[in-house]
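I have placed the structure first, in the form of structure tokens, so that the comments after it can refer back to it.
In order of appearance the chains are A, B, C, D, E and F, and numbering begins at 1 in each one.
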Amino acid sequence: MPLNPAFASLTQRLGKGTGSGLLTGWVGLPDPLVAGMVATEPFDSVVLDMQHGFVDLHSVVQGIAQVALAGKPALVRIPVGQFATASRVLDAGAAGVIAPMVNSAADARALVSFTKYPPLGERSWGPAVALNVCGLSAPEYLAQANALTATIAMVETRAALAAIDEILAVDGIDGVLVGPGDLSIALSDGKSVNPMAAEVDSALAHVAQRCKAHGKAACTFVTTGAKGADVIRMGYDFVSLGTDVMQLRAGANAFIGACKAG
Amino acid sequence: MPLNPAFASLTQRLGKGTGSGLLTGWVGLPDPLVAGMVATEPFDSVVLDMQHGFVDLHSVVQGIAQVALAGKPALVRIPVGQFATASRVLDAGAAGVIAPMVNSAADARALVSFTKYPPLGERSWGPAVALNVCGLSAPEYLAQANALTATIAMVETRAALAAIDEILAVDGIDGVLVGPGDLSIALSDGKSVNPMAAEVDSALAHVAQRCKAHGKAACTFVTTGAKGADVIRMGYDFVSLGTDVMQLRAGANAFIGACKAG
Amino acid sequence: MPLNPAFASLTQRLGKGTGSGLLTGWVGLPDPLVAGMVATEPFDSVVLDMQHGFVDLHSVVQGIAQVALAGKPALVRIPVGQFATASRVLDAGAAGVIAPMVNSAADARALVSFTKYPPLGERSWGPAVALNVCGLSAPEYLAQANALTATIAMVETRAALAAIDEILAVDGIDGVLVGPGDLSIALSDGKSVNPMAAEVDSALAHVAQRCKAHGKAACTFVTTGAKGADVIRMGYDFVSLGTDVMQLRAGANAFIGACKAG
Amino acid sequence: MPLNPAFASLTQRLGKGTGSGLLTGWVGLPDPLVAGMVATEPFDSVVLDMQHGFVDLHSVVQGIAQVALAGKPALVRIPVGQFATASRVLDAGAAGVIAPMVNSAADARALVSFTKYPPLGERSWGPAVALNVCGLSAPEYLAQANALTATIAMVETRAALAAIDEILAVDGIDGVLVGPGDLSIALSDGKSVNPMAAEVDSALAHVAQRCKAHGKAACTFVTTGAKGADVIRMGYDFVSLGTDVMQLRAGANAFIGACKAG
Amino acid sequence: MPLNPAFASLTQRLGKGTGSGLLTGWVGLPDPLVAGMVATEPFDSVVLDMQHGFVDLHSVVQGIAQVALAGKPALVRIPVGQFATASRVLDAGAAGVIAPMVNSAADARALVSFTKYPPLGERSWGPAVALNVCGLSAPEYLAQANALTATIAMVETRAALAAIDEILAVDGIDGVLVGPGDLSIALSDGKSVNPMAAEVDSALAHVAQRCKAHGKAACTFVTTGAKGADVIRMGYDFVSLGTDVMQLRAGANAFIGACKAG
Amino acid sequence: MPLNPAFASLTQRLGKGTGSGLLTGWVGLPDPLVAGMVATEPFDSVVLDMQHGFVDLHSVVQGIAQVALAGKPALVRIPVGQFATASRVLDAGAAGVIAPMVNSAADARALVSFTKYPPLGERSWGPAVALNVCGLSAPEYLAQANALTATIAMVETRAALAAIDEILAVDGIDGVLVGPGDLSIALSDGKSVNPMAAEVDSALAHVAQRCKAHGKAACTFVTTGAKGADVIRMGYDFVSLGTDVMQLRAGANAFIGACKAG
């Protein structure tokens, strides 16, 4: 089989701090059909969330197939520090991995050791399912996987902000994703969760600028569509527009509201 | 435990052709969390769909718990003609059963034989899980279950419309639910699926009137909120406002649209 | 592999109305480990319940392996009238099938058509998993399966009692199982569920006598151990001593009671 | 999305008794990855088996996505007589349904009533997942589904052979699939299972000839590759080359044999 | 929704070394219905065991709903050292986390970093499901979660006993749970497992006294009801009365014993 | 129950670098039936792969039962560094654990701490399911488990080769398994994956010699049967002959090839 264009599209289209503005769905409900339905909407990709969502490895394997059926690449957010899981989801055919709470260059290097094949990292060989997803032969996958899959580190603490240049400088880190909820908690010393806070905006602008300087992808998560437009103007390359649960709730409320108003 | 008010609320609040206008979510995605999320929105109940959704028995058992956690009753739509499944979902704690394609009084009686205990029907005894959901003891459940659970027959063919009075007259049938999609296909002889078609509206009005005459609940499904308001004005007692998939898609599009417009 | 003695033990040890008194566990909780745990207690077999339990086909396949691991045969109770499921659970390696609500010789013949190979019945060929469980080769299984697997019809209505001789006379029916809960509801015209009712006892005695006369197995379900001893004295060959849920509740209460009394 | 060529390829390439010789994998192991692996081998399609395999509805939904990911159409064999399940697997995106033990024109008409939309049948509307698989809009799917999905009746008893012309004459039946295992049991009056028996060959030849006469697809199942070549020469259009379990066993034995010989 | 009293009851009723004597069920069988059945018995809470039980994240999510349906709080025991899982189960609505093999203050601080929001710990934000369980809004949950959820460290080695004061002094540790089985192995240098051993009793008494001194909850696990009464008299606040498997076995044996004695 | 000979056979028959040549199946497809089917082929054991396969804990529990049903011991390969999972799979009844990427004596000691009871390691007590599999009582299992279960460290990097003597010298390490795929990548500095490379052969010979010297089992994985014979001649004690996916593909191709050639 030739290289599946859906699989390759993530890294081929992902900018480097210049505002490529890929839009992604974000799925925490574990049934693979949820990912499949979100993937048929006009998103560029779908993230399956193993940290705060309840997606498990089985959901990842089948969810990636559902997303691929819609011609889109799937990424997976792994739980905090569980880097061995990064290798497993890449084996399942993920086009990218998002790791939360990467607070230092050491964290970033540990992540890369599980997402990139030698000599860059120490990812172990076993992509039988990924080959089905990406369409490459085994030798082709070994040669191209490090470039075709994205390793994205989440920046969502004061420590991560302080280490942003060191993190971006780690070879094998393809971008960072600002987590505005946790960052707002961190910056308010636990007083509030507010992804729209001014200090979060300052951090977003700073990170975008540092990504551009390092030639790495600037990624983030927003909770309204309008904010999505804002961050793309800031130079963001990859933006998650809320979650499946937010979208389901919004849709349900729209139906109920229209009925009660009708 | 006392009678769980959530469980009892379905039949206690369900009108009889007078427009009680209960609003229900409708869930075909099998993960129980989908039902749980929909249930926390301002619906009066949630339907789990085993006919066109991919809900299986395990999803029903856990989905009912998720809906009950939100203080709402759950109903289950069973596959065509699989009346033994009606007994199983009642055993799981469903507050109501919706059976598709009930086209005659004979179909309706067969349905009742699986949803009501003797002497009204022939439902077999074994509600261990349902007792956990409804809070009744075994003797209480035997005495009250026929009244506390709703048996609803779908009217969605020419044959069903022709037999509407016979169906409504069957003892144990608590209401009918007009399926506007299949009805539109039937009334157009397979030419189109259009739940908004004028001939569907005529059928809706006729069924509402017959329900009122028989003192049975008038139920239907709509694909827009505005249509929900219309059918409640017609006298409908129970209205499904689209499905989980429609709501998820609507929500995703709202986010994307706001971003692109932003 | 030779014939697995665990698989064969059901029909080899099952009496014909003479009080062989095999004791069985009865499992409605779907996780296969529940069946596995019950199977390691001193029961002669384990029944997996697809009617009032929430066991599905996946649970049956894995539950049979768990029971076999304990050296016991597994039976499966199917949902009302879903005789095609009887073939599927036999394909999964069940040593017996219990069918609820068999109310006539016609019902019994329909059941047999799905549980016995031609010319006795019309069971379709495909026992790949069953061969793993029983240890026979395909030709051996075809030759022996009708004798090695038990087809048991539940007698639990007035109609079934009235037709008891016709049901027992059906070739391929290996025994009947009296369902005392449903029978008590039937005999009280829906007024009470009481497996200990006097009229149930009369029915139990009558059925035992008819089984002995026909040379077929007399089976039933009891809700106390003492009642189990009673029915064995009546001539019962196979007795379910409560369910997994009853046993779990009894055990939990014993711990709590001892603590509160301590 | 445009019509997915994988989905459409089944009916577009399936001959009518002229030996189109499509080769199919046949999967009874329920994990969707098995279907995905088989689908990447040079088969034209994959059948998911709910009769003798342990595939359930969840496996069907995810298995179809795995097969589609490989650019192939998926068919589903349903359990005996469970025609409502035929509608559900078509809703999941199956390109064809295979129904076992269709022994008369009445059986065939009952099957069609669940697989074809009005006016040909009475299939109920609800293809949300199928639309994701086939790429059509809802109106397009209503207009084209009857032609784009195949309804195949299994011929595997003396009764079915006797009624072959009546079955093939039923409008909506797109082909028949000879089941050589059950047919060999039937023709030997239960004495042996031998898909290579001479009387099975005669039946195969007769059915191929009748399919050609009726312009319907001739399908069968073989247990060796060489026999596959034989039946294609007889005029068969669709041939299953063993099952996943047979292939897994054959492969394991080839490895072991080579090691022991090495 | 208001704060769910079931969720809040764990920390509200849990004493601090004064013998509040809450009784808990302990569930290792993964099906959520097991947790639901245990929860309807007169326990104060239910623990779902991911260390020695086979509960996975999906079981946790659905098990918590089943326990909440019974009006009880659920706790989860995580595997050794997998602290990221502690965050995930709190996101699922657990009212408490029990971590095995906490052998030092450093272990305890690492645990707290995953169970408490900043500034006390570094738990990451994402409680969409927990909000459904506890009934709080997002800002309320951020403000109250550290107090409303319990972090309990298991003391079950010589090292942990030696460090008991340092562990109890860690801010964010709400109590300790003595594991008598592992402790007996440790104290016998691997020679025997005996939760009733005299040296375990001495340790139990010592830990109770230290908990009282630190104002933290004293928790343990017992294998007989009588021992439960003993430890409550020692000052224990939270006692697990055996496990689901022990209770199921006890119940099964009680039925069999009564039958054989009958 | 007596000690299950299947469970005990792994360590009883496993040589120590002398070429005992046990042949094992290797299963990465998560459905337990795959393990069951492979186990009935003439292998000595079956490995369930949680690193590159998609086997999860539920699959392990049920897969071990399927393998035990065939009279074989099951081993489990855990993900990189997830040693707590080693304890869980032993609790599930695994007869051995294989840990990937053990690159130092420190790694090996960390592994042993989770696989052996005190005083050798720190494995925590809770083998309720393992007792069902192995047939021992709790005291017997405590006394014998360290000897009856195998702890096998994978050697598949330059670092591991350099530390081979230190790794083999760790008390509690029962053998090492050479991973030829990753080793070929490591030895080629990421240029190629070739388990047949000459430098891999040299490493295989060296490891076999060191195992013999240390009296520990020499294990490896091969991708052809002929290579299996080679490594047994080198002194290997335990050899995996490809994977389930390789065998399934080989079998499918054999059927297709024979048909096309026919």
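By definition in this document, contacts are C-beta pairs under 8 Å (C-beta built on N, C-alpha and C of every residue); 3 or more make two chains touch, one makes a residue touch a chain.
Everything numeric here is computed off the predicted structure, so don't read it as measured data.
Visitor: Could you tell me which chains are in contact with subunit A and with subunit D alike?
Guide: B, F
Visitor: Of the other chains, whose C-alpha centre is the longest way from the centre of subunit B?
Guide: F
Visitor: Which angle of rotation, from 0 to 180°, maps the CA atoms of subunit E onto the equivalent atoms of subunit F, to the nearest 5?
Guide: So the angle, rounded to a multiple of 5, is 120 degrees.
Visitor: Report the chain whose CA-based centre is farthest from the CA-based centre of subunit C.
Guide: Comparing chain centres, A lies farthest from subunit C.
Visitor: Whole-Å distance, subunit C centre to subunit D centre, using C-alpha means?
Guide: 34
Visitor: Could you tell me the distance, in whole angstrom, between the mean C-alpha positions of subunit D and subunit F?
Guide: Chain centroid spacing, subunit D to subunit F, equals 39 Å.
Visitor: Which subunit D residues reach two or more other chains?
Guide: Within subunit D, residues 30, 33, 37, 54, 56, 61, 128-129, 245 contact more than one other chain.
Visitor: Would you identify the shape of the chain contact graph, picking one of line, ring, star, complete or other?
Guide: It is other, because the touches fit no line, ring, star or complete pattern.
Visitor: What pairs of chains are touching here?
Guide: Chain-chain contacts present: A-B, A-D, A-E, A-F, B-C, B-D, B-E, C-D, C-E, C-F, D-F, E-F.
Visitor: Along subunit A, where are the residues that touch subunit E in the complex?
Guide: The touching residues are 28, 30, 51-54, 56, 79-82, 100-101, 156-157, 179, 181-182, 185-186, 189-190, 192-193, 243, 245.
Visitor: Can you tell me which positions in subunit E touch subunit B when the two form their complex?
Guide: 1, 32-33, 36-37, 40, 61-62, 65-66, 68-70, 128-129, 132-133
Visitor: Can you tell me which positions in subunit D touch subunit B when the two form their complex?
Guide: Touch residues, subunit D against subunit B: 56-58, 61, 84-85, 87-88, 91-92, 114, 117-120, 122, 124-129, 138-139, 142.
Visitor: What residues of subunit B sit close enough to touch subunit A in their complex?
Guide: 23, 25, 29-31, 33-34, 37-38, 41-43, 54, 222, 224-230, 232, 239, 241-242, 244-262
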